[in-house]
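Here chain A shows up in two complexes: once beside chain B, once beside chain C.
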Partner chain A sequence: MTPTHTRAALPVLAALLLAGPTAAQQTDARLERLDAATRSTVAALVDSARSALLPTEPLVQRALEGATKRASGEAIVAAVRRLAVDLGHARDALGSTASPAELTAGAAALRAGASPTILAELRHARREPLTVPLAVLADLVASGVPVDSAAAAVLGLAARARDADLVEFRRAVERDIALGAPPAAATAAAATAADVFVNAGARQQRPGRP
Partner chain B sequence: MFEPMDDVIERIARHLRRPVQIDPALDGRVMREINALPRLGGATALQKAWGWLRRPHQVTLTPLGGLAAAALLAIVALLFRTGSTPLAPPQAESRVFQFVLVAPRATHVSLVGDFNDWDATRTPMRRTGSEALWTAVVPLMPGRYHYAFFVDGSRWLADPSAPVARDEDYGEPSSVLTVGGGS
Partner chain C sequence: MTSLFVVRALAAQTTGTVDLGISTVRYDGFLPSAAGSLSPALTWERPGAVVTTRGTYLRFESGRRSLQGLIAASLFTPPSLLPHRWRGELSLSVGGSDYADFASFWHATGEARLHYVGTDRGAWIGGTGGRTSYGSAPRPVAVAGVGLWARRAQVTVTASATRSFVGDTAYSDVGATIHATRGRFAVDGSLAARLSSRGGGHGVYGEASTTYTLGERTALLVSSGRYPTDPVSGSVAGRYLSVGLRLRTPLPRPRAIRDPPLPSRSLVSGDGGGSADVTARLEVKPAPDGAVRLVVYAPAAATVELAADFTDWQPVALQPTREGAWESVQHIPGGVHRVNLRIDGGRWTAPAGTTRASDEFGGEVGIVAVP
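Right after this comes the complex of A and B.
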């Protein structure tokens, strides 16, 4: 993350990290499925995100997913807080005009291990919405493709590929991986087929953040 | 040499005071000409209005009246523009997706995800055709969704045909579906 991004994100981060149990102005009725303490903290996080002009629906869904999966209150609060911070970082990298769908996909890409610089480069490379390229990037890394290889491939495709082409590219990589190909090699092969140069020998990285 | 001006004026006045001899048949000739003209009384209101619109007219307008007319035109133009131009960007269209799970021994399967508030009661899957096949159809807007199958109220299954969502927070498996904008 660049110093500029860090400075821009600081107020948002501070608000999200400091958000605690408070009486939210109008708590989303769907959060009634959470216990009282968890609901109060999640509502405060949602309010902070709203104040920072971040999308709040992904946060609500993250909390509801935890409730349905019977996760502990601490786990739910931690997951919602982490997603809110990722959404803030995604917005800093993609710009204030990014749509909620783009921010959600960008947060997933960041969580998978992509750098904010990659997100910013994608923004400059592609005029169309970035939801699918960012999601494909996150999915490739989740499939075991090194971040550098996945980013190079998606960046190479993003400028001219349609959403459907990107999804097909991801399927081709996952198919080759399922057939036994190393993830980086599968990505390079699919990228070559798509006339994109990708360095198959890119530094291997463990998917996800430490 | 010129006549004195007073004499000229007197002579003109005398000439104008003389009685005018009018032809007794003049009235008759004038009335015949009038009767020969097309009758206006037979025109419809629409024809009269069209005739009025086609004739040039002089309109007298005060500066204040002119300003009021301009303001009225501006308001009408603004209303027309507001009514014909969408204020919000057009909503992207949703696309319909069919979710399929092969679960031979299941008695009840629900589809849960970001699109239905992770509510296991909202999207029950239907057993179709083969007894082992469970399906559900959901319309989705462009975006990236997490979802999973909830089997018999106790077991979570990821979609084997979709990318896996790395879930380090809740432990249970989920899948990812990305819906593009149609480009």
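Right after this comes the complex of A and C.
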């Protein structure tokens, strides 16, 4: 994270980290599924996020997910707090005009290992919504593709590719990884669709030729 | 709390292989001979750059030996430098070979290529320059070439033509290759002809090889064919049949798993008793009115429930279909969504067909992107 991003995120981070079990202004009725102490803290986190103009629905959903999975209150609060911080970082990188879907996808990409700089470059490279490119980026990294390789591929495609093209690109990478290709090579191959031409000086070698 | 920086992946990847093989080979002008081979290779790659080094040690039945080595690197232009779908590539190759202490070659060449890269087809044009030596003063190398390729599903076909000048030797090669994969098999084939040759030989050449993946780190290789003299690298024309074993370094370990195996026998046979460590495949299909049809393939399940951020994490019971699948139609906004399945009241699991990731609650969650 760059110093600029860090400075921009500090107020959000402070609010989220300091948020405690205080009386929330308007507790979401869906949070009734949480125990009282957890509900109070989560509601405070949601209020802090709302004050910071971050989307709150993903936070509520993360808490509900924990409740459905019978997670401890401590685990639920930690997960919600982490997501709120990630959303703040995503907003700093993607800009204040980013949609809630973009911020959610951006938070997932950050959690996967992408840097805020990559998110900012993606915003600069593409005028259309970034939800799918960010999802593809997070997916590739989660599949073992190095962050730089995944980012280079998605950035290279993002400027002109349609969402459907990006989804097809992701499928091609998955297929090649499943067939045994190293994730970075699979990504480069799918991005150029020309794996047979990579590394010109070294390609002429038939396996087993003496 | 897991730090963002702890989970960050490496920027470059290195993969290595070692091929162990036995061959019968007949070089032009020599008697047939059996040979054992050891061929290590190492590839380092990162966005826009690839470096490959490899070597071959051959031990012939006569007791003589041959050594070959090569290091090659390619640099690619960044996507923003050239117009959309165009990429530049600059590669350098340095290699040498030594046969039985009396024949030694070396070469150093550089190649520039301009690629047109379509979605499933493309073309390139390139030129090579450099020097090569065979126990005498180095000779200049110049090669001009063009190529086409097309890729459909798991089959890639190429065609190329080159004109080469090595000192006072000149020749043209035209040829085609095919690379296909199916399951654990990968098949490569090539057919080429050398034409308009002055000192480089004539003829038609072809090679075929099959790789059968045994496991993550092992594969069997079978290859055969006839190849022409290469005046640049110093290899002599010959025909061969080889069988070998390939060992490779572990692949970079994914932190999340996509497409885990389909339901195990216990689930399919219905005796899973609510076991939840097996999971079923989820497919997301468009439905009328902008809705989405969620289809789960779990023919032996008694109940299938789905919970996701688009259901407020309330379990939704899926309805069985005639085909043995289970389905539910939902209105899901575009974006990245988290989803879990529960079969026969077992644990919540990440469905196959999604990217599985840690859910931060001690389990896994499936991630799906809905455009």
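In this text, the second predicted complex is superposed on the first by the 193 of 210 C-alpha atoms of A that agree within 3 Å, B and C clash if a C-alpha of one lies under 4 Å from a C-alpha of the other, contacts with A are read in each partner's own complex, and residues count from 1 in each chain.
Everything below uses one rule, namely that a contact is a pair of C-beta atoms (placed from the backbone, for glycine too) under 8 Å apart; a residue touches a chain by one contact, two chains touch by 3 or more.
For clarity, every value in this text was computed on a predicted model and none was experimentally measured.
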- Message: Under the superposition described at the top, does placing chain B and chain C together on chain A give a clash or a fit?
- Response: clash
- Message: Taking the superposition on A as described, I'd like to know which of chain B and chain C A:Thr56 touches: first, second, both or neither.
- Response: neither
- Task: Could you look at A:Ser143 and tell me whether it touches chain B, chain C, both or neither (first, second, both, neither)?
- Result: both
- Message: Tell me the contact category for A:Thr41 with respect to chain B and chain C: first, second, both or neither.
- Response: neither
- Task: Have a look at where A:Glu128 lands relative to chain B and chain C in the superposition and call it first, second, both or neither.
- Result: first
- Task: Could you figure out whether chain B or chain C reaches more residues of chain A?
- Result: C
- Is A:Ala152 contacted by the first partner chain B, the second partner chain C, both or neither? second
- Task: Would you sort A:Arg160 into first (chain B), second (chain C), both or neither based on which partner it touches?
- Result: second
- Query: Where on chain A do the contacts from chain B and from chain C line up?
  - Reply: 30, 58, 61, 64-69, 71, 75-76, 78-79, 82, 101, 104-105, 108, 111-112, 131-132, 134-136, 138-139, 142-143, 163-164, 167, 174, 207-208
- Query: Inside the complex, what are the residues of chain B that reach chain A?
  - Reply: 112, 114, 117-120, 141-144, 146, 150, 156, 163-166, 168-172, 174, 176, 178, 180-183
- In the complex, the residues of chain C that touch chain A are 1-2, 4, 7-13, 15, 19, 21, 23, 25, 35, 37, 43, 45-48, 50, 52, 54, 56, 58, 70, 72-74, 78-80, 84, 87, 89, 91-93, 109, 111, 113, 115, 117-120, 122, 124, 126, 147, 149, 151, 154, 156, 158, 177, 179, 181, 186, 188, 190, 207, 209, 211, 213, 216, 221-223, 225, 227, 238, 240, 242-244, 246, 251-256, 258-259, 307, 309, 312-315, 333-336, 338, 340, 348, 355, 357, 359-363, 365, 367, 369, 371
- Query: How about chain A: which of its residues touch chain C in the complex?
  - Reply: 1, 30, 58, 61, 64-69, 71, 75-76, 78-79, 82, 86, 101, 104-105, 108, 110-113, 115, 131-132, 134-136, 138-139, 141-149, 151-153, 155-156, 159-160, 163-165, 167, 174-175, 177-180, 182-185, 188, 192-202, 205-210
- Note on the structure: Residue positions on chain A within touch of chain B in the complex are 30, 58, 60-61, 64-69, 71, 75-76, 78-79, 82, 100-101, 104-105, 108, 111-112, 128-129, 131-132, 134-136, 138-139, 142-143, 162-164, 166-167, 170, 174, 207-208
